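First chain written, first letter: the chains are A, B, C and D, and each begins at residue 1.
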Amino acid sequence: MKKAISVVGGDLRVVRLVEMLIDDGYKVYTYGLEMSEELLNLDVEMCSTVEETVSKSKVVVGPIPLSSDRKNVSMPFSKVKLSLDDFLKVLKGKNLIAGNILESFKDELDKEKMPFIDLLKREEFAVLNAIATAEGTIQIIMEETGRTIHGSKVLVLGFGRIGKVLSKMLDGIGAKVSCEARKDEDLAWAKAYGFDPIDLDDLNGRLGDYEIIINTIPFQILNSERLELVKKDVILVDLASNPGGVDRKVAREKNLKLIWALSLPGKVAPVTSAEYIKEVLYHVLEEI
Amino acid sequence: MKKAISVVGGDLRVVRLVEMLIDDGYKVYTYGLEMSEELLNLDVEMCSTVEETVSKSKVVVGPIPLSSDRKNVSMPFSKVKLSLDDFLKVLKGKNLIAGNILESFKDELDKEKMPFIDLLKREEFAVLNAIATAEGTIQIIMEETGRTIHGSKVLVLGFGRIGKVLSKMLDGIGAKVSCEARKDEDLAWAKAYGFDPIDLDDLNGRLGDYEIIINTIPFQILNSERLELVKKDVILVDLASNPGGVDRKVAREKNLKLIWALSLPGKVAPVTSAEYIKEVLYHVLEEI
Amino acid sequence: MKKAISVVGGDLRVVRLVEMLIDDGYKVYTYGLEMSEELLNLDVEMCSTVEETVSKSKVVVGPIPLSSDRKNVSMPFSKVKLSLDDFLKVLKGKNLIAGNILESFKDELDKEKMPFIDLLKREEFAVLNAIATAEGTIQIIMEETGRTIHGSKVLVLGFGRIGKVLSKMLDGIGAKVSCEARKDEDLAWAKAYGFDPIDLDDLNGRLGDYEIIINTIPFQILNSERLELVKKDVILVDLASNPGGVDRKVAREKNLKLIWALSLPGKVAPVTSAEYIKEVLYHVLEEI
Amino acid sequence: MKKAISVVGGDLRVVRLVEMLIDDGYKVYTYGLEMSEELLNLDVEMCSTVEETVSKSKVVVGPIPLSSDRKNVSMPFSKVKLSLDDFLKVLKGKNLIAGNILESFKDELDKEKMPFIDLLKREEFAVLNAIATAEGTIQIIMEETGRTIHGSKVLVLGFGRIGKVLSKMLDGIGAKVSCEARKDEDLAWAKAYGFDPIDLDDLNGRLGDYEIIINTIPFQILNSERLELVKKDVILVDLASNPGGVDRKVAREKNLKLIWALSLPGKVAPVTSAEYIKEVLYHVLEEI
């Protein structure tokens, strides 16, 4: 008899994972993926209730992130809604693998001694995500601009995980890269890696230099005052999650080209991500 | 009175050029661009005959390449056709700026002592084109694959202008790059630049290693025999112009993912190209 | 009247700093630099006691590191010895700028409310030191080997500050770089930056692959067992301070080529370091 | 019986080659290497005449370059002199492997139908030499300067083989690299590779910007006029063979730091070179 795996919600990464699991000979039970056309022709068991899905296996794979609105399980390929509370109720006795699990949800899992793995807390997956986000950002810029990235002046706001990987790739394509950061440590590293470091205090005087500006900071750094200072035909890419790092109302009023790009890893590298999740999943299956 | 410029045919690069010329205060007369929506709202003089267009200025800007089919002037934004012969007749006494002008056409121009500039013979423009082609190729790969380019094994067939720039950019994004070439010189340089060099004689034994294969050689290198050796889920990108470097019939039969990508510079970097053409154009205008 | 600066001990970086200060119009009083030939022809006031030197200015520049043996002030350009205890006594009321100040010494300074700056705690200086150490290491390898670094297989043990910068530079010269680390985070980053990551657990099986091995870890990682596994003609460079990361006795018995390279920044980049110290010094002078 | 190889003259590369041949079981007969200490303890047959040496094998390995003064065979490890004419006389019926063989000498060889291989005409060896020259240049700069190369402004004069490889490596270490060239093609490529291209016509206005200037052009580009324009503390490295690319008399008068660095491959990468020569040699031995 085939081994069973339960899958609830998720984006294209989870769809790819389901395909791989079936290829590997698993029986896969899903909930919240009924709109995925790719799965329609496969031998997937789409259950009508989350209880049924979860009951089939000791391990439940959930979305990355688990929730986008802090209330419901993230199910972009579904018409129904599943609240975090309802999901929690059916998880009893199960192992959960998902991403960016809310602290309050983790507390509940801990209370019930339910084991879980938060994929985004694993450095390797987080770096993989940064790589995919960087590539997705480059793809967006290429699609949006009539210029070559090579030779363009690009400003990356923030020198965290995404800022580091993105700056390296942009430089690798031939852009002239400046990196804004607040911390001395980050500025020193930006310089060490050969980028032009820009202290937040000096940002305003430099904003007009760039053809492309990418924000990675979860804070509204490009406020109305700073949006006065950018080039009229600049391309702004905001990678920060809600509420974003750019004053969108002002950007619209000034007719600036702004792309708010979220959840890139699921869109641009679902296969690479699915392979990684599969690896973690099989590791868990061996241990239980 | 405004200075006049005549423009005949061309792709998005020429459209962008026309916009820039108008911004700079020129009166622009066009033929063969009537389908370009961008130009409809601008103060462009779209003439009904090529004779009228050409008569307005001593300099005529033509398409890049001048012709795609060796018979007619390349006019993707037009419903009408203009043969090379008819174009030649109206050019008398004019300066032509275009790309990839056929040798036979050049001979005719020379015969009549008509000066011309072949943009693609200018190394700076040719390298700019290679950069734009490389970026366009990367964009296509990003759009077509569910994997990150970072960490992927990529094979570039041919180490000419495009092969060199493309390999460098792929490496800059984090791919593992191999470069196939025939000449010892090219193999030595591939190695010097840090890529894995593959002699054409050893190609067959290596073809199965790659997730992505890009052809830059104007020769059917990926014939039916070699297409037997690639991965089933490989992504093939063919940058060679007609008839291309991949046996398309066999690729289709084997259900391989093949993208035949032509004329990328005009699609992905029309602005950068237009700026360059404008520079050459102004230089010519000063001299006549 | 000229402003005065007091300088006690230090290596070539401090010598270069003294030269720059004189060029800038300062009167410099030194102790513990009498063997520096460069200073003999300059208008430096070499005092016979540390008390006299220190009395001339409110700011005292000391060595980097302050002490190499945890007992005496580091004075490689002097024949006399100055204990940390004696130095502490004369510092009362002064501002000290030095490097790697021992915790116990800092406690004493704090007790007396004496302000100090530990240069090596400043990220920018620490990164500058890592860059200088990396360049010095490359110079040593170039001097010691009859091979090109380009194309060589190099293993870097440890992926901290020096490991990161050194790996990047070696890759920039064309080496095939592997990076050993223990932490998942470091391994993920090594991979993200395009190096071959090696988990400590897999190290033994890989040690025989490398022509050059560089240790940056302050721990005897290349013990007698592991030294059995390296190539006979490997070049070992140990950057770890006393007692070092290589079992030197065993390396000697096995006739391995081992270079124990310490204090590289002072040797290979005294000018760049001196410029940085001067900047910090002038900043302090402005504030007091 | 052991196979025999004849070796005449040569630098450290040839010495390393002799060691390798002995390791591989060959009997090696030498002339013009008697001052090499490394060979004294080995089982080498040092003949007293070039005739005797040459008589022992059908293949004769000569120096790289064959001659430094266009008159005598290059024998830095010998006290005696051997003219090219005398060498030619004894070569009859032999295969010669050497480097940079003069055209007139080649003509003589051709006349007598004597086969030869000019190693420096083989692209792979020429690129290997460029790599070794670039690494040697970096080593020299590191030894001569008290600054880090990282962050320094470096100018490379000439964008041929050495210019290309050297610029890439300097950039890989973190220098800010400008490349001077005359040809549009070279300038376009310098830009494509991410370096700052400088047209010869604009050189004078830029010379004062650089901390390090390296010449690769066999032409006195840094004449007295241009030497007026460089920084007082610039480091000049001249890689051009006699008479060099820098007016040495003027450089000395102005007390500029000038290093004239010749024959770097033999000094910095004799082992890598010897391995390559051995490969070519064995290939020839198989064929005759």
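FYI, contacts are C-beta pairs under 8 Å (C-beta built on N, C-alpha and C of every residue); 3 or more make two chains touch, one makes a residue touch a chain.
In this text the structure is predicted, and so the values were computed from the model without any measurement.
Fewest steps needed to get from chain B to chain D, stepping only to touching chains, is 1. Shared numbers divided by all numbers used gives the overlap of an interface; between chain C and chain D this overlap exceeds half, so the copies present the same residues. Comparing the centres of all chains, each the average of its CA atoms, the largest separation from chain B belongs to C. Chain centres here are Cα averages; for chain C and chain D they lie 35 Å apart. Annotation: 52 Å between the Cα-based centres of chain A and chain D. Centre-to-centre spacing of chain A and chain C amounts to 40 Å, using the average Cα coordinate of each chain. Looking at chain B, one finds that residues 128, 131, 150-151, 168, 174, 191-192 touch two or more other chains. On the chain D side of its complex with chain C, the touching residues are 12, 16, 128, 131-132, 135-136, 138-139, 142-143, 145-151, 168-169, 171-174, 268-272. Per the touch definition, chain A reaches chain C in the complex via residues 122-124, 126-128, 130-131, 165, 168, 184-185, 187-189, 191-193.
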